[in-house]
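All chains are identified by letter, namely A, B and C, in their written order; residue positions are counted from 1 within each chain.
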Amino acid sequence: MVVAGLLGAGAVSRAVRAAAPAAPGISLVTRMPTVAADPTRVPPPIHRSHAIHHEVTLEAREVRARLADGCEFTFMTWNGQVPGPMIRVRQDDTVTLTVRSAASNERPHCVDIHAVYGSGGGAMATMMPPGGMRRLFFKCAYPGAFIYHCAVMGMDEHISRCMFGMILVEPHGGLPTVDREFYLGQHELYTREPLGSSGLLHFDADAMAREAPNFVLFNGMVDGLTAGGLGAMQARVGETVRIFMVNGGPNLTSSFHPVGNIWKRCWPQGALAGAPSGYVQTQPVAPGSCFVGDMELPVPESIKLVDHALSRVARKGLMAELDVTGVADPALFRELG
Amino acid sequence: MVVAGLLGAGAVSRAVRAAAPAAPGISLVTRMPTVAADPTRVPPPIHRSHAIHHEVTLEAREVRARLADGCEFTFMTWNGQVPGPMIRVRQDDTVTLTVRSAASNERPHCVDIHAVYGSGGGAMATMMPPGGMRRLFFKCAYPGAFIYHCAVMGMDEHISRCMFGMILVEPHGGLPTVDREFYLGQHELYTREPLGSSGLLHFDADAMAREAPNFVLFNGMVDGLTAGGLGAMQARVGETVRIFMVNGGPNLTSSFHPVGNIWKRCWPQGALAGAPSGYVQTQPVAPGSCFVGDMELPVPESIKLVDHALSRVARKGLMAELDVTGVADPALFRELG
Amino acid sequence: MVVAGLLGAGAVSRAVRAAAPAAPGISLVTRMPTVAADPTRVPPPIHRSHAIHHEVTLEAREVRARLADGCEFTFMTWNGQVPGPMIRVRQDDTVTLTVRSAASNERPHCVDIHAVYGSGGGAMATMMPPGGMRRLFFKCAYPGAFIYHCAVMGMDEHISRCMFGMILVEPHGGLPTVDREFYLGQHELYTREPLGSSGLLHFDADAMAREAPNFVLFNGMVDGLTAGGLGAMQARVGETVRIFMVNGGPNLTSSFHPVGNIWKRCWPQGALAGAPSGYVQTQPVAPGSCFVGDMELPVPESIKLVDHALSRVARKGLMAELDVTGVADPALFRELG
């Protein structure tokens, strides 16, 4: 029995750590930590050719945290981060999942895992009140990148508030080798107050029913994964990088595009059993689905990962940056002035 | 000349039959029959290796029927059911289609069939007033699962009111064998009154122009294909099942997912000419398109078929259940308490 | 160094020419030219087996033009046409792109080209004020049909106002030969005034944030590519035709369908590196993406190209027609009366 593929229970993401030692003079709200997961916290690739067993723990935590400067929100999370911890296993591996609900929570929670054969993807078996705990055994019988998410009554609100993450089930033979891997999650937030408001924002169920969010985000934070936020992702010219993206939704399809680059190889909906698609500019990613895509980095640039439904970028807070540093290649790209 | 592949003109779906013998004391509206087609009414697979001719009749019928308990709506249907009868033929088969419009109808109707080479997919040739009748000959020259739908001026309203169904054109060589097949149709309904209202609901063309429905449904009924509605679909552990789904729309893309299972093999947009995709969790199905997907059933469970834009499930009436009974497999899935 | 693959700087589309010699007595607004590009203005297929260099010029032009009869709008365009000129090159070709901004413009502009490895797809390098000019060198390292679009702050408005077009990078070996090729662009327009209004319409940024357009269009004109507008596209029975479609968005996914026909062969999202899909009825095309699809024309018919989210056709001005003339084939399709 091996413990693997998961952030430890006490792990604190870089994002949260970075926010902690804020300087005096910064307002309480600005100093408040965010829920944004560190996109570099990706479990390592699997090189085994045999199945193993994993012990995984997920804790449902309702936390008030910073959504943007001067603005906060009551998130629902797995392990205090958005997206929830990335779990990485191999096809035919087995998992004992312990699901806990923090005693301070106000709502019931559970988890539906798309990698699972079984009622509700485990939702019925893991239903728990605040302070509760449930355990589930399952085998990962088929490969793919799958979402897990809360699935209680009113699950769309719980997912919008951020109760989703990814379990990656690597196929026999694994994935092609790349130099760096990143992990992020898109979702939309329905609030009464528009982007730019300050103070504590309130959830708006009517807006959710209309599928009209005020925020569309990566990792639960306005412009969080940028230089102006918690920092851009980093890579070097000549490397290959992989993006794991889970779209929690609850309602919107993402049109996922890397500005200034191309999905050289990608697996639509996270379906790793089939051959990847080649050189896709913009890939639809359904709500309740995932995306795995690889890029080459032949030139230095700032790659912006976006949903190409661009009003979500221009007006709703969605942005993630990948800074690629290194030597220019004027045979590929150069300004002529 | 052979008559095949279609419910007879007088066929009454299980759904309608089930509603008929309501107990005294139930209100008129509750006792009112629904338009929900029986999802098990699927024409049998085709084993022929030669082409044949089919005589098919579709009747446009405007019917007032039960949308939910205590709530009714004036549907437009093909043969009184939603989705319209599933027509099943083989590539290179020919069809003589007779289209009738019930004399009691108030609007003109016609049919556009995506399996047809010809103006409007047959729409111009089949335009008819109430009481009218038109006949059309066509060859099914290419394989696939295709929508047919009304296509008069204002067709979006007619389709929202349920004038759509599927014609399956099996490829040469047929489809892989499965144990059971089911057939259902997603669509959205635009009404002035919200879900939960009682009495006769009214169509809202402005809401349709905004693509903001109050109802998203399978088979024209709130939670119709569930144990609490007309009954869940049934299967046994160890069987394989196929879902034929037609998305009438008129406007929304479905993100089609089987909760607690996986599309082991599916044909996006119903395109049967190509190889299927493997192990897809959530498949986009465009409005005016179809889906064919197969599942394995290794464990007993209640599989919920949903559009993973989950506010449509949580707040707009979309749900279909498939109950799988049999012996548990604790090596795949078990509650640990 | 070769100049190729582009409309000349002074080229005037058929659409604009057609509108020019309006009869006296027609109101000023009706006589106003449109921005609709001629869908037949497609650069020829490439038969080279070696790389060449291209000099391409794109000019940002803000122009007041006819949106519908009696109704006008201030468009932002590339070279005065919508979509912008189609640029056609071969994988490994290089391009020197000169981008100009007309002195009469009021806003800054730039261009992001999805075929480019480099920051912003060239957006930073091409940022220019009214009257400005910038030059950029790039290599087309990978094949596909790609969108180019303005990418300044507030880019969603600039794209909605029509600053988008296609660059086709043919793969080594080229595309399958067809008899005719057409080029068109879908996008949505957010205005305060509804369809049917007269006079100058005003942009509505709030409606854009809600992704609730009043117009969804091909080529910047209500029903422009129809017999009642600037004229239908034309082809003959027995020919094969290819449709190049770029979806500017900025927000809506198109469910692209040819009424009365089928995408016999198509490349989802314009990804030409992979094998095409076969016999697809309705293909999702993400905003910020492209589509390449081929049809056979075995019968005479009027093919209508639509987004099968049909309220956009029925209520928002989206329509393009392809008239196919020739001898009927009663073995495939015939009215029986």
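Here is the rule we go by: a residue touches a chain if its C-beta (ideal position, glycine included) is under 8 Å from a C-beta of that chain, and two chains touch if they have at least 3 such contacts.
Being a predicted model, the structure only gives us computed values, none of them experimental.
Asker: Nearest 5 degrees is plenty: how much rotation brings the CA atoms of chain A onto those of chain B?
Answerer: 120
Asker: Any idea if chain B and chain C meet via the same residues, over half in common, or different ones?
Answerer: Mostly different residues form this interface, as fewer than half of the numbers used are common to both chains.
Asker: In whole angstrom, what separates the CA-based centres of chain B and chain C?
Answerer: That gives a centre separation of 34 Å.
Asker: If a residue has to touch 2 or more other chains to count, which residues of chain B qualify?
Answerer: Answer for chain B, listing residues that touch two or more other chains: 253, 284.
Asker: Going by the contact rule at the top, pick out the chain C residues touching chain A in the complex.
Answerer: Those residues of chain C that touch chain A are 96, 112, 114, 116-123, 125, 134-139, 141-144, 146-147, 151, 153-157, 159, 205, 208-211, 249-253, 269-274, 284, 286-290.
Asker: Give every residue of chain A touching chain C within the complex, in rising order.
Answerer: 212, 253, 255, 257, 259-262, 264, 277-284, 298-299, 301-302, 304, 308-316, 330-337
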